[in-house]
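In structure tokens below, several structures.
Both complexes below contain chain A, partnered by chain B and then by chain C.
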Partner chain A sequence: MTMNSNLSSSESAKKAAEVERLSQKKDVRNRWLLSLPALAIIFFAAAGPLLIVILYSFLTPGDYTGVIWTFTTETWISVVLERDFFDETLGWADAHLSIFWRSIRLSLITTILTAIFGIPTAYFIATRSPKSRNIWLFLITIPFWSNLLVRTYAIQELIRNKGVINNFLQWIGLTNEPIEMMFTDFAVGFGMTYVYLPLMVLPVYASIEKLDFKLVEGAYDLYASRWQCLRRIIVPLVRPGLIAGSILVFIPCLGAYVTPQILGGGNQLMFGNLIALQFGQGKNWPLGAALSLTLMVIVMIALVYFVKVSSGENKKNG
Partner chain B sequence: MKIKLISSVVATTLAFSSSALFAAGELNIFNWGNYTPPDLIEKFEKQFDIKVTLTDYDSNDTALAKVAAGGHGFDIAVPSNSYVPIWIEKGLLLNTRVDQMPNAKNILPQFRDVSWDPGRQYSAPWQWGSTGVSVNVKYYKGDINTSTIFLDPPEELIGQINVVPEMMDVMSMAIWYHGGEICSDDKAMLKKVNDTLVAAKPKWKSMSYGNLSKFASEDIYAGVNWNGASFRARIQNENVHYGHPKEGYPLWQDAVVVLAEAKNVENAKIFQNFIMEPENAAMMSAFARYANGIIGSEPYMPADMLTAPEIVVAPELAAKGKFLETCAPEVNKIYTKIWTNLMK
Partner chain C sequence: MTTNDEAIEIKNALKVYKGDTDVYALNDVSLMIKKNEFFTLLGPSGCGKTTLLRLIAGFEHPTSGTILLNKEDISLLPPNKRPVNTVFQNYALFPHMTVGGNIAFGLEMLGWSKSEVASAVDEMLELVKMQDLKNRRPAEISGGQQQRVALARALAPKPQVLLLDEPLSALDLKLRKQMQIELKRLQSETGITFVFVTHDQEEALTMSDRIAVMNEGKILQYGNPRDIYHHPENKFVANFIGDSNFLLADIQNGNAVLTDGTELKLSKENKQVSNGQKSILIRPEHVQMSKAKGSKKAFEGKISNIVYFGTDTHFHLELKTGDDFTIRKQNTPNEGTDFEIGAVVELTIDENAIQILND
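Presenting the complex of A and B:
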């Protein structure tokens, strides 16, 4: 804007406002243009397939694979209701409902476990010097460098009967027989907590880092006990991070496929495995599509709940 | 079929030879995991100057679903016999007239005209075998030639059993256990099958594929398994024995077929003919430890294969093995219901 310096001040202000307005207009247009590829990808890669999934859930299953183009709502009914093959009675689709519940329960347990292990970790990192904080954060992200499947097999190697842990325990003479860990609920919980822990640590760290420790000091000055201080000062202040972390852990957990399959031994189906079954041995693509949409609805309900909880908190604090 | 890693998840693609980068042709093979001998592929690449890309799958249903969806880029697949009629009916295969290929004369007489591929026009035999039970005899000393091993397990084996999640294999063993016929929709019989499976499941440890190393390392003591996989486990751990259930057990043969969508049809035909060469069939058997369907392959096979109890079966037990059939869609739906209910 060097040429403007020659003009009188009022004129230049006017010009500047005009240039500003035009550039802003151009800016908005540019932004739309720049985001167009992303919007196009979102539309074609997310909305498109989703529409196909919705469509398929209303079609009739083909004989051995695929679909027949006949409209039916039977699939959606079979998600929750089922006619017993042996005695013809109509009842709840026990198989589906118990699998839904198993997935939700596993996700809740994983969220709680990652919070129990993640909060102290995040607190530890946030209270280091800024320089070593980066190193600790860096260490937290290291597991992401290798593929999930490889890490899951590595856990199997640790916990199997002749694995590292059992061999060590027997070597030091603590146990005589291997402890059965593989293909148990423990194995699944352990694997899931390990896999999702970083997703809890990072957002919680972000809010603890912002925490003003003068408030903690203040609380102590006012004779708060350590417990009161944790419950009344620290927890409310780190709550947004905790909620963000819970969302990041709980939601992908619901659809977890690989970890329960490999560490659980495949005899306890999870939601993801149930969906996969319909596209394979079940040969019922519409049911697979309907179950996927059911999972999405559950995820959306969970998300709305979390958002409600967090916005409620903000109002209380604000 | 059948020694599998969790490969559909990994979708491993292996290119075998670096010199093949400049090969004249290409061939994309879609086969079961841990089933294709690398030395066989290398030999094929050298002999015909064709670059082979191998992709794994872990179950017939995965393979069918992927190929039926289209756009996969594979030239060759290796479905099991009971699935071949579905592939043909869905128009997924190319009729390459395998029966007129030069090496078709090497096919064993009993495999020249098979129910799943009349006249052997579409498919070349890959390997064949049985689904039975593997038992670690260190932990269980009783009779192992029975399906009670997993359907009503003895005390010693409870909680140490793996059942491969292959619906038709498990269902047919349970149906024969109750004296039924496969592909039957007899409700009274299926009710018994359902109750037996539901009662047995809590006594199993896992339901997964790719258990060779777990049998060898004694992480599992017994289970439903394939004879070649059991044989390979025995090579690593002499206590892993294989039983042919006297109540009846499934036989299968995997079939090398050329896909209708194949881009390298001529190379795929060369491959079909190539694997029917006795020396090459022997290489497949030496790797995966199943019998092949080719005359004159014995002299090229490892000596221990010719006497292996997993492959050489006493006549009265051999008679109990039956090739699986393709069940009607309605029957398949009933079996799927029983299966989903079992897996829940």
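Presenting the complex of A and C:
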């Protein structure tokens, strides 16, 4: 009797394992099947075009537009270097480099500004009652309802020489001449901070909302000052949201096109404008392709850095 | 009240939460907690015991009244300026720090040197028997272990008073019993005053030197566990701690006359009580039962139900007055089933077992 039951139990175990294995196999197949649409989109909309961009960056620009199918690396050299018009010696392409640097600098400043304005905002919302939290979040998302162009022109209206701010300053007699704000780095930074602020607020809010305020009480109870509590408890716990927000702000900033175009004018070109220029007036598609890829590399480096920061900090505290 | 051994004194503390209708979380509470005492605040949820604890910790400030720590007014000091630490209900361990990091936190904030912190952390880990888990994260250890870490973290800065906010409520029964003993050991080893909040009457009775029973923002009674159990002042306290039989009685010259005319003798202390209608309390285990002899004056009841509990048996009776009455009888190996449902029994009550209540 016992023998029998043992036998049958081991047999049934075998059977169960077999069923398990088969169902797992089926599971894996199903998973591939289910992800097929997404994979197709990624291939046709991301990987495919990317390959074309890479290909184009190694071709010769056509006379008016498009490309001539002759292989060259000249374009890639001209991304950072410049051939002298007369004696063909190579020097730094200052025009490009200054645009790269401005893009990175303005993106960094924008990220820092959105963090400075965004963290207190997120903290404020997260500490409201659950009911009013939704209203505040709703208010934060309202700007998304109107087109980016409209919002950017609204900022222009605020800061131009005969705009709202300058009119007001002159009216109260603080200044006689209008303060030049349009077409400066300030205008671009200001505009981008405004546009990308919600992208910082939302992820930071999400992580503050998850924060257990008992931990803050615990820190106070253990003799931490407000500042120490912020630095040792709140910031480390909110860091994932802060990093997500930084990524969401920094990366689109690098490639921003509309804001620098309208608020920066022709003087304050950023990466996005430079690329657009090559495909448009510049009629240099290969250079546009090479610049696009350069931007991608910079974004990749930034992403890897952000990921490193977030995982590195975790280890340090361990 | 002016002895030198008081750790905390609370004078007329009032805590009102403004709203559509004002909520009196604490309503004129005065209390004295002695040094090296295991003091328990006991009451149902919402009775104000946690509010009182938070007032002592400094997370909230009283609407009026004062809190003295070693005769110093600390009512308005922030939590980080009070030599008082808290063990939170859900421990509130810092999830991004290790066990060792959690214990070290308070000491670092106090500005101790690295070597002092390190040796104190090791000492605390040994005290709560957690040496092996120093480098684990809170998420990687069990609930009971988290509890020990929370204790070690709060004890490490050697506070004058340790506040414990229902620290055992998240643990299962066996672990809870173990931690009760552990807590008593820690308290006697460290000599720190413990203020313990719980809604579990058994926990309060077994662990405390003194208990304050609270309800609706007020302290109803405080004293040592024996006093509270044997001499509760009112129905709420009697009901909250232990099982109770309440009977309505007319007090007449040292006797309690029940509504059916049965007379029960009162003890000498209770003879002072003025005549009139009162509630009396009789604990179920303070009553003896025997077969009814049929005398008219006897205090009798009819068994309506019997519940067997292993160590003892509960007999539910119906008295001649119509009241329900419970008797708890300890089981012995030689006992048969003397009493059966439907039998009429005579009850004998020691005069000291009758307690007259104030409401």
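Everything below uses one rule, namely that the second predicted complex is superposed on the first by the 266 of 318 C-alpha atoms of A that agree within 3 Å, B and C clash if a C-alpha of one lies under 4 Å from a C-alpha of the other, contacts with A are read in each partner's own complex, and residues count from 1 in each chain.
Assume a contact is a pair of C-beta atoms (placed from the backbone, for glycine too) under 8 Å apart; a residue touches a chain by one contact, two chains touch by 3 or more.
None of these values were measured; they are calculated from a predicted model.
In this overlay on chain A, chain B fits alongside chain C without clashing. Contacts of A:223 after superposition: chain C is touched, whereas chain B is not reached.
Using the contact criterion defined above for the overlaid structures, shared-chain residue A:177 touches neither chain B nor chain C, since it reaches no partner. With both structures placed on the common chain, the touch criterion links A:262 to chain B but leaves chain C unconnected. One of chain B and chain C touches more residues of chain A, and that partner is B. Of the two partner chains, chain B is the only one that A:95 touches; chain C does not reach it.
Judged by the touch definition given at the top, the superposed model places A:86 against chain B, while chain C stays out of reach. Judged by the touch definition given at the top, the superposed model places A:233 against chain C, while chain B stays out of reach.
Distance between chain B and chain C in the overlay is 46 Å (nearest C-alpha pair, rounded to whole angstrom).
Annotation: chain A has no residue touching chain B in one complex and chain C in the other.
Every residue of chain A that touches chain C in the complex is listed here, in rising order: 212, 214-215, 217-225, 228, 232-233, 236-237, 314, 317-318. Partner chain A is touched in their complex by these residues of chain C: 57-59, 78-80, 84-86, 88, 90, 92-98, 101, 105-106, 109-110, 135, 137, 153-154, 157. Note for the complex: chain B touches chain A at residues 6, 9-10, 59, 61-62, 64-65, 68, 86, 90, 159, 162-163, 165, 167, 187, 190-191, 194, 201, 204-208, 214, 217-219, 329, 332-334, 336-341, 343-344.
Across the complex, chain B is touched by residues 63-66, 85-86, 94-96, 98-99, 149, 160-162, 180, 182-183, 258, 261-262, 264-267, 269, 273-274, 277, 279-284 of chain A.
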